[in-house]
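Below are two complexes that have subunit A in common, paired first with subunit B and then with subunit C.
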Partner chain A sequence: MKINRFWSWLFFGVGALYFVLPLISTAEFSLKMRRGAYTLDAYWTVLADPRFQQTFTYSVLMALATIAFGVLLVVPTAYWVRLKLPRWRPVLEFITLLPLIIPPIVIVFGYIRLYNTSSWLPLTGSAMGTNLLLMFGYVILSLPYMYRAVDTGLRAIDVATLTEAAQSLGAGWVTILTRVILPNVAVAVLSGAFITFAIVIGEFVMAALLNRPSFGPYMQLLGANRAYEPAALAVIAFAITWGCMALIQFVSKFAPRAPGAQH
Partner chain B sequence: MPEPFLSIQYVRKSFGATTVVQDFNLDVEAGEFISFLGPSGCGKTTVLRMVAGFEEPSGGRIVIGGKDVTGLKPNQRNIGMVFQAYALFPNLTVAQNIGFGLKVAGVARAEIDSRVAEMLDIIKLPAGEFGARYPYQLSGGQQQRVALARALAPRPKVLLLDEPLSALDAKVRVSLREEIRSIQKKLGITTIFVTHDQEEALSISDRIVVMYGGKAEQVGTAFEIYNRPATRFVAGFVGTLNVLEGRLGNAGKVQVGSGEIALREEPAGGRSGDTVSLALRPEAIALGRRDGDDAVLPGEIADVHFLGSVIRVRVRAGDSIVSLDTFNNPATPPPRIGDKVEISFSSGDVMLLN
Partner chain C sequence: MSLAWLGVMPFLLFALLFLVLPTMQIIVGSFRNAAGEFTLDNIVNLFQPSIMAAYWISIRISVASALLGCLVGFLMAWAMVLGGLPGWLRSPLLTFSGVASNFAGIPLAFAFLATFGRLGLVTLILRDWFGINIYAMGFNILSFGGLTLTYLFFQIPLTILIMTPALDGMRREWREAASILGASPFQYWRMVALPILWPSLLGTFALLFANAFGAVATAYALTGSSLSIVPILLFAQIRGDVLQDPHLGYALAFGMIVITGIANFIYIWLRARSERWMK
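Then we have the complex of A and B:
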């Protein structure tokens, strides 16, 4: 028993070091901008940079748009498939997994070929059109996470019976989705939303190839030209991701409890 | 004959090549309490779901209050439904659940509040204590009461109950079924109750539809269903039944083992020498010769179960085993296995099975 515990702790320690050491090193390096002292100079330099503010704001807005569109796309689809087309669930799962298999660079080149200025829908011809294209790309990238989060939320409730109960009380599809289904999967949707937020904030390939002023390319640019600021930026990016994870944990406490969980 | 309030006419339902309901007909009067009784897979829930609009009939029509609702969506039928799994909305409080249908209908807030209070009063859950609770904070019985109140709050034309008591423990089941019946009588709402529990159906229904293989085998009151079953299935499914196999003789006499029973009515189309099945309820049979009984069969005690106030005795009569109940008498010890006995009954209680 004691030996088992020893090995468990050993493996845990090695794993933790593997993850934590690079982070500690990066954080420590980001504080050494001023010779001989630990300061937050690199952070102040980054935060004061107008390009940081512009790109970060742009990425936050893109993330919010991606989340809104993703929720509108995924929640009704996952709900409908669960309710009416359960046989199609494996197909939908496969489709939502494709973004993990197809590299973003392939997707974005496909977009550029399909929607360039000489195509039937020249989205890349304007900044707004390209923003829209980038948002669609982000929705695709976040699809595996958003779909799984929502599907897990739907699995926790008896979708079919709740739908029928609402129908028998006179509710139409919009009422059922907004007043019955969505509130009961809100926590799952929020989990998907926070993961989407973290993905969009750090995404580089699509934004760079579509030449949009987002946070990912800014981090890359800074990394290529400066020493301490990229480390500070990496720590900030990690903090945002962890903040999102913490929020997922926090909001999951407010999930409506299934009636089966009586006391 | 008054115009039926709910009329199910030649309704069929097929899933692919499988027909689960065939030519189902039923007229229900306003305020009547009808139970659909049958084993799993007999089509009772499918008929209920077609009335609710959750399943589209493959043929036939459904009329409620003189209006053909066959093509209407579930949310256009004004039908209240209670589900086996309660189906309360987990994100809403008890009061919000009950008021859901009224809110969807656009009823004013004050009216919703007053109706919710009225419904909570009907289901005997004090508004102050339970109104703000969430479904997970209620017991199974309380949840089903709230589900009933929610279904009744919008004043539906018909109330449908899909095995509402199946998930509850035995004690709650008995008290809640009586409560459902009392609320139904008070509100005078036309109700269809689906169950596979014969005791439930027999105890609370105005009429019972016994279903088997997608068909209505018999429609009648509990008394008719129990005492005059129309088919062998109904006779076997409702209550305990003793079946005696015999050979038809002359003048309506049937040879059972070494005994003979004179039937009151000769079986139609029966010929001498035909094998016939006779059915008797356990309470119709007495151990020994009972005054007034005109049929007596010799037998041998095969088994004895002491159940407290009642002793269940199984007697071998010819090739058949007959089960009968006698009251416990402290002064008389129960019979022993192997004892030679006689059993008696009135030939008027004998049912000839088709």
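Then we have the complex of A and C:
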């Protein structure tokens, strides 16, 4: 047992070292912009860069739009399938898995061919159309996480009884969805929203190929031209990812438990 | 005749327009020539040395990072679940794995440049304190080894997240029963534990493989276009038709779908198999 524990610590230690070293190195590197002293210069330079502010704002707005559209699309669908079409569940599950199977670069390649200026739906013809197309692409990318989160949330509540109760009190479908179902799966929706935010904020391939001024391509450009600012950006991006995951853990404490489930 | 199916139509229509049709467009395009006639030429043209080399190095990087990711991730998950490490380590490690498995793309490349780049902290420490110049020894962050090392940062945590529930499902009774019947620890692992765990392990490997194969951003930020792996070649092709044959570009993308598709189906199939043991 003692030998066992020695190996355990060894494996754990080597693994932990591999994860901690890049974090320390990046943080250290980001502070070295001024020769001979540790300063926050790289961070100030990045934060003061108008292109940082523009692209970051663009990506935040894009993430919020993606979340709003995703919730609007996924919650009614997942609810309806649980309530009326249980036999369709495997179909929906398969479709929501597809974005994990088809690489994003292939999906966006298809967009460029299918929605170019000479097609029946020329979305890439205008800036607004391309923004919309990019947002749809992000909804697709976040679908596996969003759908799974909401579907799991719906499993924990008795959809049929809640619906009947609401109906017998005279509620219509919109009331049922917004005032009965949505509050009950709020935690699941928020989990899905935070992971969507983490995905969208730094996404590179789709934004770069659709030529939109978002945060991912900005980071890439800065990385190709500067030395210290990219390290500062990496620290910021890591903090954002960490924040999103921490929020998921935090909100999941408030999730309703399925009857009989212990955990 | 119930009209309930109408309720899922908005969703299906959206998925059709922005997921299925774009993908079909690529697949169909790879079997057509410029005049729109059916042809296998594009697929045949994939078998030219430069494209095969791109597939080959992509596959090697994906296999290497998936194998190492599985191995290290499994050992860490094992150490945490069954190896007698204190219980308070569990929650931070799982949280960190959640973060790190989502920390990919451009910033990850920056982090590894700051660590193992020519002026990276680890490179400098090894050189100045230990007299080991990894760049003189042939290491380069912008290469096969460097990219594999970088990909491990999201591959290992992903393995930990998938293997922890599998290892949690290993009952103490199985080990006790085996040892009562006279099995050595090695025999227990070879004849009980590994046969139960191998679908999970192999499935994880397949998932990690697809994960690495489809990754573009990290490789692009790290190497620019100096390392010709398939996703980067495709990126350059979409941007500027570097192959000078749009339909060859479709075929290149089709090849990616086939490879990640096979890997993912193996993962899904094996996951269904391994869940039998986790009731």
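In this section, the second predicted complex is superposed on the first by the 237 of 263 C-alpha atoms of A that agree within 3 Å, B and C clash if a C-alpha of one lies under 4 Å from a C-alpha of the other, contacts with A are read in each partner's own complex, and residues count from 1 in each chain.
FYI, a contact is a pair of C-beta atoms (placed from the backbone, for glycine too) under 8 Å apart; a residue touches a chain by one contact, two chains touch by 3 or more.
Values in this document were obtained by computation on a predicted structure and should not be read as measured data.
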Subunit B versus subunit C as contact partner of A:172, first or second or both or neither: first
A:180 touches, of subunit B and subunit C: first, second, both or neither? first
First (subunit B), second (subunit C), both or neither touched by A:45: neither
Touched partner set for A:164, first subunit B, second subunit C, both or neither: first
Partner touching more residues of subunit A, whether subunit B or subunit C: C
First (subunit B), second (subunit C), both or neither touched by A:152: neither
Shared subunit A contacts, counted only where both subunit B and subunit C touch the same residue: none
Complex interface listing, subunit C residues touching subunit A: 2, 4-5, 7-8, 10-12, 14-15, 17-26, 29, 72, 75-76, 78-80, 83-85, 89, 95-96, 98-100, 102-103, 105-115, 119-122, 152-153, 156-157, 210, 213-214, 216-217, 220-221, 224, 231, 234-235, 238-239, 249, 253, 256-257, 260-261, 264-265, 268
Subunit A to subunit B touching residues, read off their complex: 157-158, 161-162, 164-172, 175, 179-180, 183-184, 256-263
Contacting residues of subunit A [partner subunit C, same complex]: 1, 4-5, 7-9, 11-12, 14-15, 18-19, 21-26, 28-30, 73-74, 76-77, 80-81, 84-85, 88, 92, 95, 97-114, 136-137, 139-140, 143, 195, 198-199, 202-205, 208-209, 216, 219-220, 223-224, 230-231, 233-234, 237-238, 241-242, 244-246, 248-249
Residues of subunit B that touch subunit A when the two form their complex: 52-54, 73-75, 78-81, 83, 85-91, 100-101, 104-105, 134-140, 143, 147, 150-151, 154, 160
